Amino acid sequence: MKLSARNRIKGKVVEVKKGAVAAQVRVDIGGGTVVTSMVTVDAVEDLGVREGGEVSVVIKSTDVMLAE
Amino acid sequence: MKLSARNRIKGKVVEVKKGAVAAQVRVDIGGGTVVTSMVTVDAVEDLGVREGGEVSVVIKSTDVMLAE
Amino acid sequence: MKLSARNRIKGKVVEVKKGAVAAQVRVDIGGGTVVTSMVTVDAVEDLGVREGGEVSVVIKSTDVMLAE
Amino acid sequence: MKLSARNRIKGKVVEVKKGAVAAQVRVDIGGGTVVTSMVTVDAVEDLGVREGGEVSVVIKSTDVMLAE
Amino acid sequence: MKLSARNRIKGKVVEVKKGAVAAQVRVDIGGGTVVTSMVTVDAVEDLGVREGGEVSVVIKSTDVMLAE
Amino acid sequence: MKLSARNRIKGKVVEVKKGAVAAQVRVDIGGGTVVTSMVTVDAVEDLGVREGGEVSVVIKSTDVMLAE
């Protein structure tokens, strides 16, 4: 699948925390950077996301802010 | 300023493309990864974003998807 | 690629309008419903989106509002 | 109310799952497509969203990605 | 129409700037605060947004960040 | 820190509700307007958000819809 979202970075899952509906997943993308994602619990289970597993983070360009 | 957005990664601006309202900024965050951002032209000018300059990309956790 | 975004609907491109940075793409998903998408011009060109072509619309669950 | 969000599709609620803060609502929009939405529990209660009820899903065009 | 988006604030349009696809609208919501919105040109024309006109800004709670 | 997000409004926290992953924070920005935010519990704790405290709400322009 090719996606319009411009940003996709591979990483390793370092934490999965599940609530009733929302889940927080933290992904180490290398270089000392850990990215935090909040998705549905359904998505975590459907993708089989688990600590130590490989996953990519995907981000639309309109969702990337800039800071100085 | 401390921000609720969980993700902030430093990088170097490699491209700035401006339309009438929207601007596309590409930021090299290291490790061979270039992140694409779409913000307003006003923001680019207000922050003084320019090719070669340093900038951070900032992303809310609800805007980070996962892919396998 | 399996994606955490919960919503994916197949359709046919009925309009592509390009600005300098942003592009608007309208996709007929059947049942009389046409979905409007705003993405980067880069994405439109990278995916080869063109009128009459097939494409899926993909939407994160946190981006789906409800109205009554 | 007329809204800038370009996409509005009528459907029937097929599932409501509530956490402490976030709620997941699944809406059948016909043609075999069920859309998943994550909103606040407050919104679900304020709108009186319940299984079997009618509701529209509303999506901004910048939140619609494309995939091929 | 009742909407799941939790935030709706009335204001007066103080600027409309149109590109080919994206438009920037600035809305004075009182108390010295002007809110900037980026929507499609189609939305601006469909709603008849014009300088001096009244309009509400609407924001989903997942799109509201906090800063200290 | 200077941010590309165009909208920042100061206020006072009037409610903090925490789930396992997501938290809802309501902020009084004056003029009778209370803004609802949904962020991660981690963000609430990291920023030390508490009822009665001062905080700013920050919103990207692409996340501001218009309604008439």
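The letters A, B, C, D, E and F name the chains in turn, as written, and every chain counts its residues from 1.
Note that a contact is a pair of C-beta atoms (placed from the backbone, for glycine too) under 8 Å apart; a residue touches a chain by one contact, two chains touch by 3 or more.
What you are looking at is a predicted structure, and each value in this text was computed from that prediction instead of being measured.
Visitor: Which chains make contact with subunit A and with subunit D at once?
Guide: Where subunit A and subunit D share a partner, that partner set is C, F.
Visitor: Given that subunit B is a copy of subunit E, what angle of rotation, in degrees and a multiple of 5, matches their CA positions?
Guide: Resulting rotation angle: about 120 degrees.
Visitor: So which pair out of A-D, C-E or A-C basically repeats B-F, with more than half the contacts the same?
Guide: Repeat of the B-F interface: A-C.
Visitor: In whole angstrom, what separates the CA-based centres of subunit B and subunit C?
Guide: Subunit B and subunit C have C-alpha centres separated by 23 Å.
Visitor: Taking each chain's centre as its mean C-alpha position, how far apart are subunit C and subunit D in Å?
Guide: About 17 Å separates the centre of subunit C from that of subunit D.
Visitor: Report the inter-centroid distance (CA atoms only) between subunit A and subunit E in whole Å.
Guide: Going by mean C-alpha positions, subunit A sits 30 Å from subunit E.
Visitor: Among the residues of subunit E, which ones contact at least 2 other chains?
Guide: 1-6, 19-22, 24, 36-40, 42-44, 47, 58, 60-62, 65-68
Visitor: Who touches whom among the chains?
Guide: Pairs satisfying the touch definition: A-B, A-C, A-D, A-F, B-C, B-E, B-F, C-D, C-E, D-E, D-F, E-F.
Visitor: Please output the residues of subunit C touching subunit E within their complex, sorted ascending.
Guide: Subunit C reaches subunit E through residues 17-24, 36, 38, 62, 65-68.
Visitor: Residue numbers of subunit D touching subunit F in their complex, please.
Guide: My answer: residues 1-5, 19-22, 40, 42, 60, 62.
Visitor: Report the residues of subunit C in contact with subunit D in the complex, numbered from low to high.
Guide: 5-9, 24-25, 27, 29-31, 33, 35-39, 43-44, 47-49, 54-68
Visitor: Of all residues in subunit D, which touch subunit E in the complex?
Guide: 1-6, 37-40, 42-44, 46-47, 58, 60-62
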